[in-house]
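Next, two complexes with subunit A in common: one pairs it with subunit B, the other with subunit C.
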Partner chain A sequence: MGLISNRSIFSAFFSFPPLIYQLAFFVFPLFFLLVLSFWSVKFYRVQPDFTFSNWLYIFEKGYFWKSYGWTFSLAAMTSIIASVIAFPASYYISFKLSENIKRIVLLSLIVPFFTSYLVRIYSWQVFLNDNGIINAALDYIGVGAVAMINTKLGSVIGYLTLSLPLVILLQVFSLSNIDRNLVEAAHNLKCSPLKTIFLVVIPAARVGLVLAALFCFILSFGDFVSPIYLGGATTQTLSILIIDLSKAGQQWPRAAVVAITMIVTLLATTFLALRFAYKGKS
Partner chain B sequence: MNNDKKTKSTIMKSRRDFIKAASAASGIAALGGVAPMLMSKKANAAPREMTLLAWYGHGEKDIVEAFEQANNCKVKAKYYTGGDNMLALIAQSPPGTYDVVLSDAEYVLQLKEAGFVEKLNPSDYPFDDYWPEFQRFGGHWSGKELYSVALRFGFLGVSYNSENISEKEAMSYSLLWDEKLKGRVGHFDWHLPNLGCMSMYMGNPNPYDINQKKFEALTSKTMEIRSQVNGFYDYGGTFSSLKNGQIQAMCGIGDWITGVLQKDGSPVRTVIPEEGGLQWTESLCIGKNAKNHDLARKFIQYMSSPEGQVRSANMAAYPAAIVNKKAWELLAKVTPEEAKRQRMELGKDNVISDIRNGRVKYRTLPVQQSLETWNDFWLEYKNS
Partner chain C sequence: MNARLNNSLLCLYLLIILGFIFSPIIASFIFSFNADRFPSLPLGEFSVKWYEAVNEDADVWAGFYRTLTVGVSVAMVSTFLGFCAAYTDYRYSFTGKSVYLALALLPPTVPLIIMGLAMLFFLSRVDLSGGTHSVIISHVVMCTPFAMALIRLRLSQMDPDLESAAWNLGASQWGAMRFVIFPFCLPAIVSSLLITMAVSFDEFAVAWFVSGLNETLPVRILSFLQGQVSPRINAIGSVVFMLSMMLVIAANIILMRNSSKKTTEE
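And now, the complex of A and B:
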């Protein structure tokens, strides 16, 4: 009994700092953000208040819903593209490579994170500009210039730069944990390789694949750098709207409304995605 | 890389020229004020710290170094981007945080109304040497009370890539509707200068003082060029998009951006179109309860003197026209090429002539609508 109680004290001691950290740097700021959304701004100064005017103001604006639609659809599109592009690579890494080469490939997928995301996005400008490397090459082979920068395509390329390596890594971890006996059984039962992938591999790795797509969605939904520097702010996302609102008249409470809407959207998406991922699993 | 070197060498050349000319002109009254300041320097005292809230560049070495040496102080600058940002930084700081505040003219009375700046004594500053247009500059005075001293100004019109667009084409805002510029028009992401230029194009004599009907006409006309627009840029993005040719034309910016690019060898220029342009004006105020009130006053005196003015005209971050007539004489000796480039030559058609013949109007805050209404439209425009 004494031993158990000592153990409890021991585990409580070590779990305390993370708890404090979460409370101080996540729960409290989140609560403050919610409170801030009910405050008002008087002559560029945010003042404690209790008004719903910020919520009404934002939800009545057509540009907010348009931004919301674009942010959601670009993030969803990026998740689908990233998942589809990543899957063949992940499958190959998981099933075809030897353990040693697999380790090297996985390490190479981590390398992009060594460089700042902002730097990587800036370097994309050199490639995507109308006078950039890609268009120079297209011009050389006789294809006309293609507008890539300051377009939705530019934003999606940026989102993929941020999330694709992570999606591949998560998919690889998921595919690597599939029971190989299931795959072999499918082969033995004369199931074609393509059918095996769709009927055995994907369902068995469903949780990991959904989680990878979910992470991609979360990262893209909140990203500010790509839509500004590769999208040229021509498609206004919610993160850009937050910046615009806080710049114009210091409307931090209105920006807080947008931020809370984003958080609620991400929580709802996560809940639905996890429900789908674990559907039918114990 | 070469361009960087070129820029640096140009700046260094200007500085050497400046020092040379300043030495030669040491006897002239224009620089007479510097000597007593040097004499009063307390060699052994620890330098004091004077705080400055300003647009980027005003607290850099090329501007403040001589003042710091003469007054045994360090200028600690906090930079902002845009008047709203400036007001917010002051509003959120305790009184006395900033000794000197550099403000765009249209925000000075808001600073005064909010009690963020001190009343100034007009006799402390060399208004007699100023061009008349800047002696009693609207927005700096409240009745007979002075709150800000004009420092520099510039014009906003059409900025364009001179390799692909002729000056004749750029002489009208209608260029922005030109089919050949589809996807090649850019915006500096601030509604005030952009909509002000559009308002000039629509023939409004007072571009910011328009009734609701005219405002609606302005917004629907502006919406017409949305499909031409390639991007909305911040300060850095504006530079790079004009430099790399991504953007061929912009309205609402001026020599404060294209002047820097021109010095760097880029083929970009700004003109004031036939329909007219806008004028931005920067001025200096003393922050409420400034901890270093005496230094703040000396700093404004220095910046409004010929030496400070010449430094300001040649500011590395962004050049601008200056308001002290005597400083024009010094500028002609120190950097005649810059005096010519910025059209600040006495006895010739110059920037003051442009103000006098009514080609430019002051950039102000909207008069008949709220700033929020204009900003809301800008968000809708960006989102369309």
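And now, the complex of A and C:
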């Protein structure tokens, strides 16, 4: 008896703290956000209530759907662009580099995660400004100025700054796990390198490639720094809408509606992406 | 010949991609020593005046100390929680384990802005918002998964018979934990402390929502960014970058040295 209770104390000591903490400070706040979306605001104060008015208010607004469309398509576009841009680099890293150089390149791809994203965005402003470095260079070779900051291009560059290293790392990881015999067999059967990539390598690495694109989508969909400081808030994304509603407008329940919509969208996207990734696999 | 040409093209391509990733980081470092207020090419004179401006800014120092307090507390709490979750996953199997693991690993996939909104509203309801402790509470949620992943990885390198051998030799569960599991995980624990601290150092979105008037350093950078152009951002960024990199490199060295030791132990 004493032994059993001692055992259960031991297991409880290790299993419960993370469970309790994440329930209290992760699950519960998110659940509370859902509850909040049914509350009301009176005299700038949030009050417990059960009303659908916030949902109706947000869903009736044309600007919400416009933001939704922009946020979704920008994030989707970024994840496609990032996947396509990253692939040749990931391919080169996983198949052509020696182990030592590969390790150095991978380590250097981890570095950006520990630099301030804000500082990098500020740095991009210096590059992309109307009289910034890139335009100075363009001017020097006789090409007129190109507007890059405060455009959608600016937002996408910011999103890529955030997600490209992660996309490459995940792609390299999945490419490195491919059975080399497959590639060799294709080669022996006189399959051209390009054909091998499309018919052998990409299908074999599909799960990892889809996951990489998915992470890029998640990061871009929720980011607010790039659309504000590089996109110039020309397109109001959902994250900017949340800031406007909550921090500036004190309309917390409406911000909660937008947030819940975002979470549902991300869950649905994740579900569809995973289904696509594992289609035909066990 | 064709293959070699292809390879050099791919190599060039990789360098361009790395250039895209690193140019903002390098540029920020270079411009932090540039005297001009509006950074542009050609570079102005070499100057450390932005570092001096940062050094004289009391808000920056206050933010720095707050960030440090938050980072150290977050590192300790989230590493403890991460260790508990990793050990639970390693040792036990039970119904609902996948839910347990999902709870332990999901937080980084929730957009920061939504975490910020949810944490602010929840914490203000239970009267915990607007302080340094609010940032600590929120960062622990986000950092625990990283700690868990690092320590779980180390546990998977351990011979599963090691713990039961200790029990057979008469060690209690606590004894085996203290003299077998914990020492084996120590390098991962140390690197988890450093990595979670580095993650917390750079987090600005949730901190911006919950910290109220008690701004941390990254939140201070955000308000610089909202204000006028100021190369002070570059100076702060370079200093914080050096600190984070020192933490990450230290974590890496500790991890690498001990994972090579693993083979000799067995």
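Rule of thumb we're sticking to: the second predicted complex is superposed on the first by the 265 of 282 C-alpha atoms of A that agree within 3 Å, B and C clash if a C-alpha of one lies under 4 Å from a C-alpha of the other, contacts with A are read in each partner's own complex, and residues count from 1 in each chain.
The rule is short, and it goes like this: a contact is a pair of C-beta atoms (placed from the backbone, for glycine too) under 8 Å apart; a residue touches a chain by one contact, two chains touch by 3 or more.
Model, not experiment: these values are computed from the prediction.
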| item | value |
| --- | --- |
| Touched partner set for A:19, first subunit B, second subunit C, both or neither | second |
| Partner chain in contact with A:147 - subunit B first, subunit C second, else both or neither | first |
| In the superposition, subunit B vs subunit C on subunit A residues touched | C |
| First, second, both or neither for A:50, with subunit B first and subunit C second | neither |
| First (subunit B), second (subunit C), both or neither touched by A:131 | both |
| Common ground on subunit A, meaning residues reached by subunit C in one complex and by subunit B in the other | 125, 131, 229, 247 |
| Footprint of subunit A on subunit C - complex, ascending | 3, 6-7, 10-11, 13-14, 17-18, 20-25, 27-28, 31, 39-41, 80-82, 84-85, 87-88, 91-92, 100, 103-104, 106-107, 109-115, 117-123, 125, 137-138, 140-141, 144, 148, 172-174, 177, 198, 202, 204-205, 209, 218, 221-222, 225, 229, 233-234, 236-237, 240-241, 244-245, 247-248, 252 |
| In the complex with subunit B, residue positions of subunit A that touch it | 43-46, 61-63, 66-67, 125, 129-131, 147, 149-150, 228-229, 232-234, 236, 241, 244, 247-250 |
| Complex interface listing, subunit B residues touching subunit A | 82, 84-85, 87-88, 91-92, 114, 183, 189, 229-234, 237, 240, 244-246, 371-372, 375-376, 379-380, 382-383 |
| Complex interface listing, subunit A residues touching subunit C | 6-7, 10-11, 13-15, 17-19, 21-23, 25-30, 32-33, 36, 85-86, 88-89, 91-93, 96, 105, 107-112, 114-127, 131-133, 136-137, 160-161, 164-165, 168, 193, 218, 221-225, 229, 239, 242-243, 246-247, 252, 255-256, 259, 262-263, 266, 270 |
